[in-house]
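Below is one structure, written out as structure tokens; the observations come after it.
Naming follows writing order (A, B, C, D and E), and every chain is counted from residue 1.
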Amino acid sequence: NDNADQGTEPVGQADDQSEFKTVVDVLGREVEVKNEINSMVVTPVPYGSIIYAIDGTMEKIVAVNPDVKSEYEKSLLSTLAPEFADVSVDYVSTDFTVNVEALLNLKPDVVVLWHVQEDDIRKLEQVNIPAVALDQGGGSNLEKTRDNIEIIGKLLNKEQQAENLNQYNIDVEDYFTAKQDQIAENEKPKVLYIRDKNLAVAAGGSFNRQLIELTGGINVAAGVKGSWTGVSMEEVLNWNPEIIYLSNFDSFQPEDLYNNTIEGHDWSQIDAVKNKRVYKTPVGIIRWDAPCAETPLFMKWLGQIQQPELFNDYVLDEDIRNFYKEFLSYDLTEQELNKMLNR
Amino acid sequence: MKVNNEYRNVFIVISIVFIAGIIISLSVGRYVVSFSEVVRILVSFIFQTEGTQDLVAQGVVLNLRLPRVLGAILVGSSLAISGACYQGVFKNQLVSPDILGVSSGATVGAAIAILLGGDRFMIQIGAFLGGIAAVLLTMMIPKLLKNTSTMLLVLSGIIVGGLMGSIIGIIKFLADPDEQLAEIVYWQMGSLAKVNLPDVLGILPIVVIATVILLSLSWRINILTLGDQEAQLSGVNVKMIRSIVIICATMLTASSVSISGTIGWLGLVIPHLARILIGPDNVKVFPISLLLGSIFLVTIDTLARVLTTAELPLSILTGLIGAPFYFWILSRQRVRL
Amino acid sequence: MKVNNEYRNVFIVISIVFIAGIIISLSVGRYVVSFSEVVRILVSFIFQTEGTQDLVAQGVVLNLRLPRVLGAILVGSSLAISGACYQGVFKNQLVSPDILGVSSGATVGAAIAILLGGDRFMIQIGAFLGGIAAVLLTMMIPKLLKNTSTMLLVLSGIIVGGLMGSIIGIIKFLADPDEQLAEIVYWQMGSLAKVNLPDVLGILPIVVIATVILLSLSWRINILTLGDQEAQLSGVNVKMIRSIVIICATMLTASSVSISGTIGWLGLVIPHLARILIGPDNVKVFPISLLLGSIFLVTIDTLARVLTTAELPLSILTGLIGAPFYFWILSRQRVRL
Amino acid sequence: MILKVENLSYYYDKSKIIFKNANFSLHKGDILTILGPNGAGKSTMLNCLTNVLKPKSGQILIEGQNIVNMNFNEIARKIGYVPQIHIPTFGFTVTEFVTMGLAPKVGLFAKPTKKDILIAEKIMDKMEIYHLRNKPYTQISGGERQKATIAKVLVQDPKIIILDEPTAHLDFGNQHKTVGLVRDLAKEGYTVIMTTHQPNHAIMLDSHTAIINSQGEFLFGKTRDIVSEGILSNMYGMAIKMPYVDEIQQRVVCATG
Amino acid sequence: MILKVENLSYYYDKSKIIFKNANFSLHKGDILTILGPNGAGKSTMLNCLTNVLKPKSGQILIEGQNIVNMNFNEIARKIGYVPQIHIPTFGFTVTEFVTMGLAPKVGLFAKPTKKDILIAEKIMDKMEIYHLRNKPYTQISGGERQKATIAKVLVQDPKIIILDEPTAHLDFGNQHKTVGLVRDLAKEGYTVIMTTHQPNHAIMLDSHTAIINSQGEFLFGKTRDIVSEGILSNMYGMAIKMPYVDEIQQRVVCATG
């Protein structure tokens, strides 16, 4: 079959063969890509910000899933990476499908996509565009996210930066794991993590449940099936959570609960509302509600809300500033920090 | 007369089930409120007296459950009666209230409102106007083609439905997948979880007026089933009656869809059940459909919030509960269809 | 005979449009390949000779465009012909291939496969089996109720459709909103973007066999439209023919839906257009529907990938292009319906 | 004068005129039997008279009022119509069906009262279908359905009753009962127009007869003038004899051969 | 013996027997006219003979073979059926409709050939509907449709032709042509069974006649024995005279009064 041996031959054949390297993706495919990647298409949502965290720039990204763009606009990245403002969102649909033929005209050096997009990968191979698959499980699993970060590091020749990022991640996770047995069950606050106004909550199968439990809270919705699952207001009354987190998937704010302005809801009798313990989750270079480069910071944030006594050996603001400085080479202003933490 | 007694009996039984359904629905939920407490809360609410001091229970019953029950009654009865009307007007038992595109139009309206970042009230208005606009469009096509056969009207409904489906597709495609797409999908699955008293009061006048008009026309609609020509020669202004019925039924469907999102299936099946119970006479079919539709939706909505910790969308339960139930009725009656 | 000549002329014109459509579809796209290049690539592909050296262009034409065109032909013709068959068997021009629940069943199958993290092949198998399972369920109900009227069969289809709709609701409810839900929603919108040659070859035998059987039965299906009793007395084994037709049409719809996701509307409207063009005789309606369905879907799919740099879902375009087109045909013909 | 038809003509398609220059008028208590070969245009003419089809020329006056200026309800109060073939979709009971004749008499939003139903039942009794009253209309025989349809028009109680082949599916006994009924209706003051394929019925009713032939020519007159061997033979295209039969003291139309 | 009916009885509902103990047999070329009041059970009996309804007792033998052991195709090759009322859904042309009669003769997957269509056209010509061949079947008059249905059965070319009130919507001329046609068909060797509400047709055909009365009693015999003033008066519940009319050399059934 002709195509099989051409599959290793990337586009832009005029270039020197020695400028190629091999990257092994999560599917175990050995993908030959240019040594120096200058244009990439990225379909998975959090990886725009992860690439920024690794590469320090987004200028190599030529096309993304529209969601990456809308995330970007809502986040600090719009200040940090102004070069990304005009990136194209036309080639990838929100369900990650790519229009391969249209993409050909862009001549990207590599396309980064989820490992489940096998058809897109095959089509890209058929027209000799290198495609690198990331594990979609990274959407709910810290370890897989780290694997993906490693691959991105290799692609961009920034292995060290990727490794550092991952190491920080591991360190923070270990810190919380180590303190697990110091938390008495009865001292854990009852926590509810709400995704949107339809009362979809972080349920048993969610990434956020893992984080909540790791940082010393009880997810009252742990028994609900699924990852984000809708529940009824009566059930929430039944649970009567002490702490409520509001995700950035929805524009609602703690005031909406305090003032009881959401239709069909009645928050007035909920402890978290009575005690004003409703928190909007932070948005850094991306919203923290899903696994991302800033997940360690998210854990720290959660820890100090849920168990301020126990997780007292770090200063959150400082750690955030340091993270931004070390990994993103950016000095957060007081104003930016306050806005990030909704203060 | 034996036959009329049979109707009266069916009517009485169903009315009792209806009232029992309302009371049960107000009394059960994930948050436990004792039955006596529910009664006390209701009594003090109705007579505006000082009642219980348990504010949570009072909130649950009056703010969470009561609007939903009222919403379910309005939506269920509206869909059932408009289904029955359309089936009469189009002389076809397989016609649903969506036949002229009202649901898909309402979805487009709601989706546009969501896309523009409208609040719940805007979404309701959007849905209502969208539903009506779709039906107007449907009714315009036969006019433009100068052919007023029912067949063409139904075909126009299909054309408009297809068009609306595409527009929904575009909107979903353009929508922000987090907030807006989720909201549109949620809306399409139908839910009474967010219904509050002002919503119910907002559509109440339209629903009551349209229902009364349709109930009064029920006998004329019988005559329409004889066919256009024969109905006309029996002194029925077919075009006028048909227009009134379509307008009222559209108003009903559009208003109910606007507060609950799309709820499939009910408008098609409930009139059928009514007909199995008491024959084809619309004078009887309409009131029975109305009650059955209410009972069905109150039940479904109660189950939606009671069955699991998760709040189930209505479209899930209408099928899951409704299909076997309908099958059971069919098998019990061994009806000749 | 004048009438038969008319058919021949229509047939020839449509065949020419069909072939032209294929060639145009292979020649246009976001990536520019000159027409002469396309021809060279095709010729060298067909005769397995050494052709062009432009491997990208070759990849585009043979790996990206050709499978889609072939997929569009199979899916379009399958849906159109199964729509025409169902309309004949159920003596109702408003019946679509979904009438017995095949699409909703296929969606359930595909959605379950997606939920279990299956790959594309698994999703296809899931869709195919789901579609068939739904139809089997539909056909079982009348058997259980010992009433084999068509009306009950159609009602069963509605029951099963409702049930499947609910199950889809549950699956969507349980699905991870970021990835799986989007995939299910996208699947429901229909797309040929991911079709490759093995997919096409996979369903080809089923489609060809079922189509040939249905084309051969076309004249008997005419007789079915006279009604069960009269058809029987004309020597037609109504039950057998109906079963064969339902099985074949289900196979067609299930296989095509399995590679393209659900594509509404086409199966309902194309047979209609065919009937407007050459009358109700299924001997002529079936071949014309087949061609028209292919042309329509090839056109739509070409637009889906050419119109914008993003891939548009088919359901958006079927309605947006199809509805006005159908309206235009209706207005040109001033048909008596 | 209850009905006056002037210069009426109709065609579906210009190339084939169904009938032209139809002129006649009827008084209270008149009976008009319309004869004509299959496909001549009898049903078409009745459709014009009931304003279902708009005549291509000419006009129809009911009690002096042009029919095109009347609304459905007014027409239904003047004219009752029994169609040639009736196809039921829903299984209404015979009583429910017959009661539908009340439509032009009750208000837009009204339903028939107990009293109305009693009237309907009386008429059903007269038509000998009272025993079928609770049977679904879809499950009775063709002849029974014909009678139910006539009962419905009697409930409607118009001035003019138009029947399209009312005896087509009736047995010999019922045919003659129907002819008798038509005669009685005329005596009661109704004007009756009916099409029939039995020239004998025209003779028995012995009032007015119209003929539409295959060329669309229209002929109207006293039955005794119109129903003659010559005209009938010509119209039906066959040799017809009309011997006088003593036993029934009437001419009888017979086909020869 | 082409058809033998033994001890046939039927009821829809046990409380009302439609007919019972029907016994008769017919040979090649025989004609059976079935008379009976409306709702007596004539159509029901035909439905039993065509195996559409299963008799409650008794059996039907066609050329010695029990009908319950025959499949649809075998039955259709022996029996052709013209229903009382036919409701078309799709607008097939008259030719397309008539050609459908070929179904039992061609293979499961076959379509009618040019030759088949020529045969159909010849028969349409014989039935005088050739000029309607390209008209949609939904747009022709009741009588024309009746003739098309008969043409379809002739195309089917069975041994026994069963017609349910074939003359109901035919004009006087066509009625007599149809009676003539039935006679010709019998002469050509078909066995014909028809129901009718015109006892005169039975007399004209002068072969066998059966009577089903309202009590479900069944009577069979030579037409000249069965069609008598006494039996008819009794069955139709009215006084009937049957004077002999010289002009047509035949008895004529007349209602008195």
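Just so it is clear, a contact is a pair of C-beta atoms (placed from the backbone, for glycine too) under 8 Å apart; a residue touches a chain by one contact, two chains touch by 3 or more.
Predicted model, so just to flag it, every value in this text is computed and none were measured.
Visitor: Quick one: which chains contact subunit B and subunit C both?
Guide: A
Visitor: Round to the nearest whole Å and give the separation of the Cα centres of subunit A and subunit B.
Guide: Going by mean C-alpha positions, subunit A sits 42 Å from subunit B.
Visitor: Centroid from C-alpha atoms only, then distance subunit A to subunit E, rounded to Å. What do you get?
Guide: The answer is 81 Å.
Visitor: Subunit C to subunit E: how many Å between their CA centres?
Guide: It comes to 45 Å between the two C-alpha centres.
Visitor: Of all residues in subunit E, which are in touch with two or more distinct other chains?
Guide: 87
Visitor: What residues in subunit B touch two or more of the other chains?
Guide: Within subunit B, the residues that touch at least two other chains are 93, 173, 177, 181-182, 310, 313.
Visitor: Note the residues in subunit A that touch 2 or more other chains, in rising order.
Guide: 93-94, 200, 225-226, 229-230
Visitor: Sort out which chains touch which and give me every pair.
Guide: Contacting pairs: A-B, A-C, B-C, B-D, C-E, D-E.
Visitor: Considering only the defined contacts, which subunit A positions touch subunit B in the complex?
Guide: 67, 70, 93-94, 196, 198-200, 203, 221, 223-226, 229-235, 237-238, 249-251, 263-266, 268-269
Visitor: Any idea which subunit C residues touch subunit E in the complex?
Guide: Result: residues 2-3, 91-93, 213, 216-220, 222-223, 225-227, 229-230, 232-238, 279-281, 283 of subunit C touch subunit E.
Visitor: Residue numbers of subunit E touching subunit D in their complex, please.
Guide: Spelled out, the residues of subunit E in touch with subunit D are 35-40, 43, 84-85, 87, 140-144, 146-147, 165, 168-177, 180, 197-199, 232, 235-238, 240-241, 243, 245-248, 250, 252-257.
Visitor: Hey, which residues of subunit C end up touching subunit B in the complex?
Guide: Those in contact with subunit B are residues 93-94, 141, 144-147, 149, 151-152, 154-155, 158-160, 162-167, 169-170, 172-173, 177, 181-182, 185, 189, 264-265, 268-269, 272, 312-313, 315-320, 322-324, 326-327, 330-331, 334-337.
Visitor: Give every residue of subunit A touching subunit C within the complex, in rising order.
Guide: Residues of subunit A touching subunit C: 3, 6, 11, 45, 88, 90-102, 104-105, 114, 116, 118-120, 122-123, 126-128, 136, 139-140, 195, 200, 225-230, 290.
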